[in-house]
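The structure appears right after this line, and notes come after that.
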Amino acid sequence: MERKRGRGLLMRIQYVLNEAFNNIRRNPLVVVGAILAVFITLFLVFATLIAGEIARVNTLRWTDDVRVIAFLDDDADVDTLRADIESWVEVEEVFYVSKPEAYEEALELLADQQTVLETLQDAPEIIPASLRIKPVEIGEYDVIENRLQNMIGVFSVESADAAIDAMNSIRGTLQTFSLALAIALGVAAVALIANTINMAIYARREDLEIMRLVGAGNWFVRTPFLLEGVIEGLLGGAVAVAVIVGLYRLGLGSLETVEIITLEVDSEFLFTFGLLIVTFGAIVGLIGSGVSLALNRYIRS
Amino acid sequence: MIRLQNVTKVYEGNVIASKDVTIEISRGEFVFLVGPSGSGKSTLLRLMMREEKPSNGDIWVAGKHASGMPGWKVPHLRRSIGTVFQDFKLLPTKTVYENVAFALEVTGRPRHVVRSQVPQVLKLVGLSSKADRYPRQLSGGEQQRVSVARAFVNRPLILLADEPTGNLDPATSVGIMRILDRINRTGTTVVMATHDHAIVDAMRRRVVQLERGRVVRDQSRGVYERRTEPASGPPLPPSEEPVVTPPPPEPEIAKVEDAAPTEEFKAWSESGGEAS
Amino acid sequence: MIRLQNVTKVYEGNVIASKDVTIEISRGEFVFLVGPSGSGKSTLLRLMMREEKPSNGDIWVAGKHASGMPGWKVPHLRRSIGTVFQDFKLLPTKTVYENVAFALEVTGRPRHVVRSQVPQVLKLVGLSSKADRYPRQLSGGEQQRVSVARAFVNRPLILLADEPTGNLDPATSVGIMRILDRINRTGTTVVMATHDHAIVDAMRRRVVQLERGRVVRDQSRGVYERRTEPASGPPLPPSEEPVVTPPPPEPEIAKVEDAAPTEEFKAWSESGGEAS
Amino acid sequence: MERKRGRGLLMRIQYVLNEAFNNIRRNPLVVVGAILAVFITLFLVFATLIAGEIARVNTLRWTDDVRVIAFLDDDADVDTLRADIESWVEVEEVFYVSKPEAYEEALELLADQQTVLETLQDAPEIIPASLRIKPVEIGEYDVIENRLQNMIGVFSVESADAAIDAMNSIRGTLQTFSLALAIALGVAAVALIANTINMAIYARREDLEIMRLVGAGNWFVRTPFLLEGVIEGLLGGAVAVAVIVGLYRLGLGSLETVEIITLEVDSEFLFTFGLLIVTFGAIVGLIGSGVSLALNRYIRS
């Protein structure tokens, strides 16, 4: 009895696989339609995710330049100060800019403010020496600022508060936007794929009715369709990932040199998200066929 | 085996297709359902296999209360019934072989049973050479024979056949009827809707005649036409010139293509091994 | 009217369905196509209406070279042919009325013609009360009668009928045959594939018999069965106990539901007004 | 003959309209599926267009602040200069900033540059008076600069070249991006809608075959399907526009007060693009059904 039941299950699995693959082979138009829908929508989702990642990487680079500047008294003990500050956990790196270097820098920075420049040239010594401190986390600049303010030898602390906040907010906006877009596209993908699979099942409503008339149980009829949905979702997702990765590698080769922003994305990111997209395709395929089987009045008992 | 008790079926649009039908069919009986077009023959068969639910009354099939069972039990009921549909209802994306095999697969029969039974049944209906065709590549009569083969491949307790010879020439019809008769003799209950008076008159089994949804005659060893009814008009117009009328053709034995049905049937009915 | 010259049809998979068929059918003839299941009757009809192209040979229909004409001319050819299909081929999303009206609409008949013709034709086949039903709400025989109604509603030059009585009881069959006969008498050429020997034997028209795609008999005023052929086996098994066998039934006149076909037909055939 | 042919044409138009509407009424699942696909894709396209427009309006506002500054000699004839400059076609407006005003402004602007500030406070008179000139077109700032350079009474001309160029490039990037996105989505929309209509026609392949067998000509069979495609496209597009405009108005009411960027979009823009989207839907519907009729082997003669 036990053995018989086990064999029956094997039979059914074999049947379901057979059935699903035969369906796919014999209804190419419907299947290609479903795969196309999955492909296009997941292509868009994946492209958006990559665009978001490119934005993130690039805006992250901006913040590489964020420094808190401690202007030093002329008699400050630079080496001690520097060693002290370097030991803080919030601090990643500290540079020293001497008075002459600071003057050179000022000349450059203020190049188009002629009036101020002229004034400076009259008194090069008014530009003080400074320590440039790079925070580990961009958000920690105010902690560093507070600690610096109380140190001996530091007469003034400066950080481009407004600039940092602006950068942070642009980064935030870009990330929120690309995430929102990816989610919106994801939702659209679910709806479109479910819709397409629904129509594919509608196109075969007579088959389903006949199967039930011949005595096929609910799961006997449904499982091949569910599996078919999963396979279509998988294929569509895989094609989307392959095309995107292909296009991306192609585009990388021809574009990277012309633009200053980097288009390079972590290949681990590509892999992880590629896998996610394919899984997503499979799940959506399953949901799509599940929903249509549940909705479709031709299949309900 | 099958019991209908005061069954009435009203389709949407207030169409009364069966009216207060009470029939009891015992195990092993062979019943012809006859009656004019639209008199409710197919409806009764649909009710028996629970393709439709009666609007009123109760139906028991194979010991189960078919009209009252929940939807998820229906597939189980249908697996004990073989059905030949008036419009064949073959799966267009499956080959002849696969269509017949499907009826075995739904009952979970092991593959070697499918592999041995299906070809035998196809031989029985004379379609061995067309096993790999799709339904659209078959003639009307061939499709009908596939539907017949599918209906009895899993040796059902009950066989419902809706005009199983409507698209067949007389010789092939007789062949099919011989098969149904043999199946019946092995204990299967057969209910068959038909318009073929030659077959009904030759076989002399129980005849249930319907008219506008009502049973108007239930006669054992009956004939197609009730003899009391008068012919109601002139006969068909013959060709202008008179010719010698030959004697009316007698039903002939099947000329099923591949082999003599008797031997085939023996092989098939002895190979029941795996199936109980 | 129809001429087939050495026509051979080979379907994909090397299936020979017609082999070197040569037939000439004159205007106004009534021809029965008979032969066992799968002998190529439907294939010949499909070739005549250019649903298929012959693999070899030529076909002329209504003065046109049907086998050679370009695809865009085919609709025009088909409008002069009415066809009753073996599997009905009704449009599932149209009602009975709309299905019949469709055959008029494709020829661009004005609306008032459609409005007067369709109900008359439906009355003729006994389906007046079911005009607003969809095909799936009809019995098999009713669907077949819709297909018949659609085939002759636009008074075609040629009527091709593929087993138009396969799903009908003998009485209704006779009714349909009377209509076909009357249409034939108004000059329409009728070619009908059938398995109903009672009809063929009663009407005694030209019979073309096929076997494995070849014409094996072409006889004017023929019968269904060639008399030279010997019966090849024992008759159908009757019920065990002997009973008094009634005389074989004679074909009866139609019991078409709504009205006597004769008057209906007169009304319909006199209302041809708009249509040429 | 003429009259009859005219009546025949009218009959056919009536037939085609009837047929298309009956199809829509009797195959709700297929039709709803097609409309859904049009709706979702055009929703995304239209939303992207609006987001692009919002970005455009907002970045346009930035450039409102672009000014060319002409620093004046202490003895310059301000009124004559001003009248002269105002007469140039490239110039929209001219403001005069006197020496005391300029000093106040400098104090504010350099608030966090303490060292520079201290220097300034020692010599308030070094900040000159100036004319602030607003160009009609942001791109014309260099023309104005050149003309100013040669005028008597102007000792130095300044404009935030780098800033202006950066703004322009951000604007350009945003616009290119949203246009690219809209186009990508548009292409996806065409493919998805055509695909859906293709499957809708596939689901009805038997009908089409039967029509041809009964003698219907190519256009008799096709026109209703084409019309149906157009109607589905129109409806999907109209629903997309209605939903977007609805959501947008709703969002406008609740969001505008919290953000500094404006979300207001010209209602003429909404109207024009809404109309475009609906037209686009109709055209895509037509193309979709046209392509499927052309491709579908069940309908070819």
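Odds and ends about this structure:
So that you can tell them apart, the chains are marked A, B, C and D in the order they are listed, and the count of residues begins at 1 in each.
Keep this in mind: contacts are C-beta pairs under 8 Å (C-beta built on N, C-alpha and C of every residue); 3 or more make two chains touch, one makes a residue touch a chain.
The model shown is predicted, which means the values in this text are computed figures rather than measured ones.
Subunit A and subunit B have CA centres that are 63 Å apart.
Distance from the subunit A centre to the subunit C centre is 67 Å, each centre being the mean of its Cα atoms.
Annotation: 26 Å between the Cα-based centres of subunit A and subunit D.
Residues of subunit A in contact with two or more other chains: none.
Of all residues in subunit C, none touches 2 or more other chains. Chain contact topology: the protein chains form a single closed ring, every chain touching exactly two others. Pairwise chain contacts present here: A-B, A-D, B-C, C-D [touch as defined].
Chain contact summary for the complex, subunit B toward subunit C: residues 11-13, 15, 34-38, 41-43, 86-87, 133, 137-142, 144-145, 162-163, 166-174, 177-178, 181, 195, 197-199, 201-205, 221, 223-225, 227, 231-239, 241, 243, 245-246, 248-255. Across the complex, subunit A is touched by residues 29-30, 33, 36-37, 40-41, 43-44, 47, 71, 112-116, 118-120, 123, 126-128, 156, 158, 160-162, 184-185, 188, 191-192, 195-196, 198-200, 202-203, 296 of subunit D. Residue ranges on subunit A touching subunit B, taken from their complex, read 7-8, 11-12, 14-15, 22-23, 26-27, 204, 206-207, 210-218, 220, 301.
The part of subunit B that touches subunit A in the complex is made up of residues 49, 51, 71-72, 74-79, 81, 83, 85, 89-94, 102-103, 105-111, 150.
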